[in-house]
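Note that the chains are named A, B, C, D, E and F in the order they appear, and that numbering of residues resets to 1 at the start of each chain.
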Amino acid sequence: MVMVRMVEDGAAAPEVQAVFDEIKTARKTDWINNFWKVLAAYPPTLHRIWATVKQVMAPGAIDPLTKEMIYVAVSVTNNCEYCIHSHTAAAKNKGMTDEMFAELLAVVGLANETNRLANGYQIPVDEKFKPKFD
Amino acid sequence: MVMVRMVEDGAAAPEVQAVFDEIKTARKTDWINNFWKVLAAYPPTLHRIWATVKQVMAPGAIDPLTKEMIYVAVSVTNNCEYCIHSHTAAAKNKGMTDEMFAELLAVVGLANETNRLANGYQIPVDEKFKPKFD
Amino acid sequence: MVMVRMVEDGAAAPEVQAVFDEIKTARKTDWINNFWKVLAAYPPTLHRIWATVKQVMAPGAIDPLTKEMIYVAVSVTNNCEYCIHSHTAAAKNKGMTDEMFAELLAVVGLANETNRLANGYQIPVDEKFKPKFD
Amino acid sequence: MVMVRMVEDGAAAPEVQAVFDEIKTARKTDWINNFWKVLAAYPPTLHRIWATVKQVMAPGAIDPLTKEMIYVAVSVTNNCEYCIHSHTAAAKNKGMTDEMFAELLAVVGLANETNRLANGYQIPVDEKFKPKFD
Amino acid sequence: MVMVRMVEDGAAAPEVQAVFDEIKTARKTDWINNFWKVLAAYPPTLHRIWATVKQVMAPGAIDPLTKEMIYVAVSVTNNCEYCIHSHTAAAKNKGMTDEMFAELLAVVGLANETNRLANGYQIPVDEKFKPKFD
Amino acid sequence: MVMVRMVEDGAAAPEVQAVFDEIKTARKTDWINNFWKVLAAYPPTLHRIWATVKQVMAPGAIDPLTKEMIYVAVSVTNNCEYCIHSHTAAAKNKGMTDEMFAELLAVVGLANETNRLANGYQIPVDEKFKPKFD
């Protein structure tokens, strides 16, 4: 059963190829990874996700490496195999060392543990912590 | 139905009070939040979690603010209400601005979206991304 | 906005009241908790879930208290507030002590932590552990 | 390590074979997929799940194709590889086109994103949205 | 502790008010729900999410009511309280009856159950189901 | 791309080898599984997790087999492949029979189903079930 057709770089319709070219330029690479080749089978999603990635992952108040490590933290928590692989690779490209990766996973593991302790005991939120919407 | 008894600061057995005192010193505060008061009802968990938090959240290759934001990212993904509140407060204490929080949530949201696109299409991991264990 | 109408015990149609009566007899109580009153608004689900609960939670190779604690472990991991409350109460009725509850949450917390370490490092499954389907 | 023994179609005990035959008739196929062959090793679960599937997935107020797409949405969110494969195949058999699948994943992705934004900001539920149980 | 400031309809900066006005027109209502008022505190996310919602939730190969029910299915699986409330309301506005809601939850419940049976038994994906990427 | 280097038993630095030796003694085996070999690349996590496992999984108010089955329940709910494999193996070593495993998965499946029914209907917690913190 064919789930989806990958669109190869160089063999894409112009509107798709334009996104591929932009990805390659932005990432200083001549390689398109499977994620984009699969999304390309449905151009509205390809365009939307690439536009979103450009906006959200750009340098801002948080630097790009920290953003990438946050991405890994979410992907690990959700157990998304593809995402763990691709975003760990991206984080390493942006400067994450082996020790930083080890510390990152230690925090992710700990957060997952204490999340369950807080939930399991149904600990009431301290008044001091409660958000106030005004 | 009583789920658990909170142990109040100042009214705790010596081995528990010692942890409370250490928490207050480390955090430069005279306030113990509910999480620790609940864990204190079962001292082995109180001791273990506090020892772990001290080790994992200490400055290292990753700075404490980044670690705290990673903690928030996991707590949001797991929808742990107590943890979102307490770790957002902690991150703000360590310097997270409103704009950093907004960018943090943007990354967490995007990661959760693309995690499902990767899973839904069952995208095969590129050879280049595959970890090699040697 | 009304999401669902609760069907009150004593004011239910005969086919629903029959399930309510069976629940009260089986649990040696004269009280129907909200879960069943909500399901009763759609009788096919009420019948199916009660029949399933009777089969799955009955004494078997695993005793009822252990089954109830496994139920709590899942509910904590999923952060289902209603389920944590109702199944912790059920486990206490079946003999779970405060110390057992504390140990239960310690295991649940640890499992959630190591689950993320295993996923984060993408640790390959040892040949010895791999299931063999024959 | 053998986790479970698959029961093959044609080599099953009568009570199991009866379910296999019913599945083949209902689905107009002569093929039993692994899910049922694995469940068959423990007949109480085989019987219960098949009875449930027949009831829940039958045509009703929601048509069978829509139900199957909802099934895929949940399986993608949970990242259940087997379930994504088998229910995507089932949805295609019931008429899901490639474009519908692409739109389905776009909705699933977006929902996972905004779920985290709502959780992360701990947005209070508008009074207007709150369910009223009467 | 203030987590975020809600921007009220009628008291927003022009670029935000423009989105609020568009939402009201598109939804034929004069009411802005909290989700948008919170996002408005950080305009880049407000603009991005509203543009995405318009694209993804528009009529296409899947009708808007079905898309809304898929949204509810994901929100229930993730236990996002705000999202369950707001998207159930939206689905009811688009024609979901009480019976359809009951069937929807039955499918969501069943999918979550069989997802764990498939994962727990680590059932191998049948060759026939495997996607082929070409 | 090398994600992490496995540290082999017999070729480890003294502080790591000491943990390996302790694991082998405690488990009456001469085999170190991949989980520990991967953690060993970052000794602080290796030491912390092994110390935690020893404390949490030790006999206490809950027996070791029950603790191991609770571990499997969490791992199945999270869909952590490595963890399902390794902890199912551990539970079998501690006496879990095939029938107990089948019952365990039936409870895990049911809990995941009813968790979503409770969440989906947003069932209010009965007063009687609410925890009281004093």
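Here is the rule we go by: contacts are C-beta pairs under 8 Å (C-beta built on N, C-alpha and C of every residue); 3 or more make two chains touch, one makes a residue touch a chain.
Computed from a prediction, not measured in an experiment: that's the story for all the values here.
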Seminar exercise, completed: Contact steps required, at the very least, to link chain A with chain F come to 1
Exercise. Can you name the chains that touch chain C as well as chain E?
Worked result: A, B, D, F
Exercise. Among the chains, which is located farthest from chain C on the basis of C-alpha centroids?
Worked result: A
For this session: Using mean C-alpha positions as chain centres, tell me how far chain A is from chain B in Å, no decimals.
Result: 20
Problem set entry | Distance from chain C to chain B - Cα centre to Cα centre, in angstrom | 27
Seminar exercise, completed: Here the gap between chain E and chain F, centre to centre from mean Cα coordinates and rounded to Å, is 34
Problem set entry | Multi-chain contact residues (two or more partners), chain B | 1, 3-4, 34, 38, 44-45, 48, 52, 56, 77-81, 85, 89, 99, 104-106, 108-110, 112-117, 119, 121-122, 124, 128-131, 133
Problem set entry | In the complex, chain C residues that touch chain D | 1-6, 34, 38, 44, 48, 52, 55-56, 128-134
Seminar exercise, completed: Interface with chain F, chain E side, in the complex: residues 72, 76-77, 79, 81, 84-85, 104-105, 108-110, 112-117, 119-122
Seminar exercise, completed: So, in the complex, the side of chain A touching chain F is made of residues 79, 88-89, 92, 98-99, 101-102, 105-106, 109, 122, 124
Problem set entry | chain C to chain F touching residues, read off their complex | 3-4, 31, 33-35, 38-39, 45, 49, 52-53, 56-57, 60-62, 66-67, 69-71, 73-75, 77-78, 80-83, 85-87, 89, 97, 99-100, 103-104, 106-108, 110-119, 121-126, 128-131
Exercise. Can you list the chain F residues touching chain A in their complex?
Worked result: 1, 3-4, 41-42, 44-45, 48, 78-80, 131, 133
